[in-house]
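First chain A sits with chain B, and in the next complex the same chain sits with chain C.
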Partner chain A sequence: MAKHETPLLDQLESGPWPSFVSDIKQEAATRAKNAKGLDYQMPSDVCDDLLGILELSYKDGTTHWKHGGIVGVFGYGGGIIGRYCDKPKDFPGVAAFHTVRVAQPGGKYYTTAFLNQLMDIWDLRGSGLTNMHGSTGDIILLGTTTPQLEEIFYQLTHEMGQDLGGSGSNLRTPADCIGSSRCEYACFDTQELCYFLTMTYQDELHRPAFPYKFKFKFDGCPNGCVCSIARSDLSFIGTWKDQIQVNQAEVKAYIDGKTVDNGGAFKGRDWGKFDIQKEVIDLCPTGCMALVKGELKINDKECTRCMHCINVMPKALKPGKDKGVSILCGAKAPIVDGAQMGTLIRPFISIDQTLNKQLSDFEDEDEWMEYLAEKYEAITEFIELVWDYWMEEGKNRERLGELMMRQGLQKFLEKVEVEPMAVHVQHPRTNPYIFWKEDEVEGGWGRDIEDYRKAHSR
Partner chain B sequence: MAFISAGYNPDKPMEGRITDIGPKHYDSFYPEVIKKNKGKWSHHEILEPGVLVHVGESGDEVFTVRCGGARLMSVTHIREICEIADKHCDGHVRFTTRNNIEFMVTSKDKMNALKADLAQRKFDGGSMKFPIGGTGSGISNIVHTQGWIHCHTPATDASGTVKATMDTVFEDFQSMKMPAKLKISMACCLNMCGAVHCSDIAILGYHRKPPILDHEYLDKVCEVPLAVASCPTAAIRPSKVELPNGTTVNSVAVKNERCMYCGNCYTMCPSMPLSDKEGDGIVLMAGGKVSNRISAPKFSKVVVAFLPNEAPRWDNMTVAIKKMINAYSNGANKYERLGDWAERIGWERFFEVCDLEFTHHLIDDFRDAAYHTWRQSTLFKF
Partner chain C sequence: MALDTAEAQKVIVENLEKKAKSKSKFYLKDFYSFFPEEKPRTVKKIVNDMVAQGILEYWSSGSTTMIGLKGTGKQAGAEGED
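Right after this comes the complex of A and B.
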């Protein structure tokens, strides 16, 4: 017999999609049964009370969670979100229901040994409910009490060698796409760069010193599977500078219908026979391709690397060999000044493809980190210029993109020491209201009215 | 319940303290075939919806079975995922950025056994635990936020709207017959933890009533200057208020007509709650993308200004979403994302073919950028 009647939520148990209601009920039943005989550190009816308070929200159309409250672990300014419900008497199991953000591993690959160990901690010390994963990327442990926080942190660090993620005005847990670990499109090792920067900036991640939140995300190619261009203050997108690698025999196999187009992504509907002219050449946004005597010719100089042709014919076309990243700055969701997309600032930072030693090639992780510090020096130098500017000029709760809007792209480029180029704009300005700097104008602005009057009477 | 110490000593918090160690290194989590072929993958193919094979230059193959998941997962459910991964995948599993679960195996036989195992697992309520799909030109899982399950500022629920939507579009999660991939995302308030502003279709919770002011407590629990500074439209100013008992307290006043209900003030000051049964509901947006493929990334546009919170199934919301998906599926060319299609046919035609009403709320009036969304040409359709 359920503790609370939940007639509205019960209607979310039907239908094919995995039901979170059924899953919470499943956890409530597991806890009620307590087959392992655990001394649960949260009230054992926490899941029942969560369903109860959620049912109330479904009934009255409003939330029943109050504000945070300053809770955390000693020495860190992030990683824990305080949460209390506004009906503690009716739902004592969720009176305090704090969130723990646990830094997710690169590419979100796990072993079951790791997940089970984490679940052991959360079974004992939390609600038994999680998010896999939160929007920024962390593992979210959903709902525990204040006395458990240090204990959870102690077990994570001492028993699992695992740290918390970020929250508040600091570097948020960086996130990557699957990258070269299982994708042929990746132009850099997203896991390596993500891990390297995460470890390099642990202090910035745990101790809030920024005007507001700051996010890094890493997309291996311009397809953008981790959505960095829309979701991160610094968006790293893999790209290349030289020619798309073409295998003409494989191109022919696509033309002849021997290889399925788009890696099979369009199999569900009959779109007719694959037509390279219509589907690839005519859709190329720069018109830089042609079929000449059965061979695909690409004028790479005009290519903007949109990935379309490569996506359509992954067996025949590959990104070039001179690979690196484009860095875009300032993306954010609408709060406060409206949504912003990342603005292209560093068109190309080359990543030396010959520097491909792995952690296992070194004595210890410190040596490997030193090796990576050299490999990615151009990137860390840029990041620190961005942070210096933002920490100097950014107002409280002003995201990087908003500072860029307030002070302008010209100023930003100057501060991060990037030479302005035509690629920085979609088109040049349409008004001539140019703010010249005094030293750009011959003779400066200091003039003598008497000199002027010698030629121009009053 | 007796408190169980893990070994932490509250009297000496720094003793033996371990900090700044970050996440575990990814190497320790890669399956063997991934470790061996990393950076040397040749190509891939989606064999059927939800099932991919990646082929290495070495000739190695890894078969991936992708399953949808509610991102809210219990310990019991995660242990079941582990049990499956132990049984079929040598103890390895991964998650995608869209809350899908990926099980990887190295042969077709293992893949078939895995698929059969996944397909028969159901929750007691009848829904599938591990529906296979979410690849190619179909509709993948929805990225979303917390909603009423855990957040203090939501204007709707996240898990419920997502469940209702995914049930509605489920056939397209398990097939690949869309003109291009279609990404749906959900955020339960303007703060957009889920960053839905560049999605093919976005579900957004929205408040429509300015904050209520708890004058008696405001100055006791909030910093008035912080509350004032938090407002993006400068609608909040300090004020003195006389309470019914005759005492005068410091508080704030809100210019209601300037408020855009973002809840930023409530985040800074708990004495300014916004949520309201009639005021809160859903905004639908459409036509955004983040990929650079063929066309540049673009923002989603608001296409439905408001729908009430019809818990538990949000019927009018799922109907509107389905109308957009059907019109897009019928009208777009192969490779055309929803936003590219809307731009080609024109937004006036979009509202017509989607059978959605265009109301004055959909004309931008927020700052200078609004002008650039008005039509400055005679190029329109009757």
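Right after this comes the complex of A and C.
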């Protein structure tokens, strides 16, 4: 028998999708049974009380969680989010129900051993409930008490080699796509850059440094599998500067139907014969492709690297060879000014493809980090200019994108030392007011009024 | 000129105590204003060191971090975690 009656929650289970209510009930039953005979460090009815307090919230139309708290592990200002309920007498199992954020591995590669180990810790020391993964991309362990925090932290770091993620006014847990580990489209090694920046900015990640949260995300190519353009204050998207590599023989194989298009992704249904004109050329957003005497021609100058043609014919087309990243700034979810996508600020930072040594090529990790610091110097320089500006000018709880809106793109470009260029204009005429400074104008403001009057009377 | 750490800590504690009647938690930015001449990064470092030393403590809503003198503010008492 359930501890609390939950008619409103039960109703949620009747929908067509998997239900979090069923999941929590399942965990409640598992804990009640305790088949493994665990010495639960959370009250064993934590899941029952979680359901109970949620039911009450639905009934009352208000939350019964308090906002925030002073919890954390020693030396860390982030990674733990204190949560207390305001009805501890009725729901003692969730009197304290803190969230633990754990850094996810690069590209979210897990071994089952890792997941088992993680759950062994969490079944014992927490509610057993997780959120894989949170919106930022990290592992979220839901619900534990203050005395368990240091224990969990010790086990994570010492037994699993795993660190906490970010929360609060910190750099948040950076997240990346699988990149070149499995994906031929990757224009840079997302996991290497993500790891390097995570290690370089440990202080920013663990100790409050900023007016508000700050996120990095890394997409190996414009397909944007981690959607960095919408989800991160600084979005790194792999791109290329030269021409798309075209293999005309392979193009022909697609046209002749010898190679299945889209890597076979649409094989489930018969869509008819592949039509390169209709499915590739006509769908190019910049209209920069043409079939000339059976050969595919691309006017690369006009190509916006949307990836469409490459996705349809991956054997025939590949990103160019001169690779690097674009950096977009200021994406954020609503709250102030509504949601915003990132603004392209650095169209291309070259990443030297010959600098491809791995950790195993070095004596130790420190040496590897030094090597990477050089490889990615142009990127860290830019990041720090952005942070200096935001730390100085950003208001409390103001995201980078809001500061950019408030003070304007021109100010931002000046602060991050980027010359205005055509790519900064999304739509012509939306922001025509560029103000020149005297030192930017040849001859300055001074003029010889006599000389001027010779040609212009008063 | 480099900021003297002991001196800076004193300034911070004095400023927070002065405001303790009306406010117990502060944004990191409030600390910058105690040292208008210093770079935010320098001040950030001093504040975080003071947390490590147990003089200050973090309070987090989950999205924003605030900082106060250890043990002040109603949260610590209310949650029975003094």
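Keep this in mind: the second predicted complex is superposed on the first by the 403 of 458 C-alpha atoms of A that agree within 3 Å, B and C clash if a C-alpha of one lies under 4 Å from a C-alpha of the other, contacts with A are read in each partner's own complex, and residues count from 1 in each chain.
In this section, a contact is a pair of C-beta atoms (placed from the backbone, for glycine too) under 8 Å apart; a residue touches a chain by one contact, two chains touch by 3 or more.
Computed from a predicted structure; not experimentally measured.
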Partner chain(s) touched by A:392 [first = chain B, second = chain C, both, neither]: second
First (chain B), second (chain C), both or neither touched by A:320: neither
Which of chain B and chain C A:92 touches, first, second, both or neither: neither
First, second, both or neither for A:70, with chain B first and chain C second: second
Chain A: partner with more touched residues, chain B or chain C: B
Intersection of chain A interface sets (partners chain B, chain C): 67-68, 74-75, 83, 99, 203, 396-397
Residue ranges of chain A in contact with chain C within the complex: 67-72, 74-75, 77-78, 80-84, 96, 99, 146, 167-170, 203, 207-213, 388, 391-392, 394-397
Contact set on chain C toward chain A in their complex: 27-29, 32, 39-41, 44, 47-48, 51-52, 57-65, 67, 75-76, 79, 81
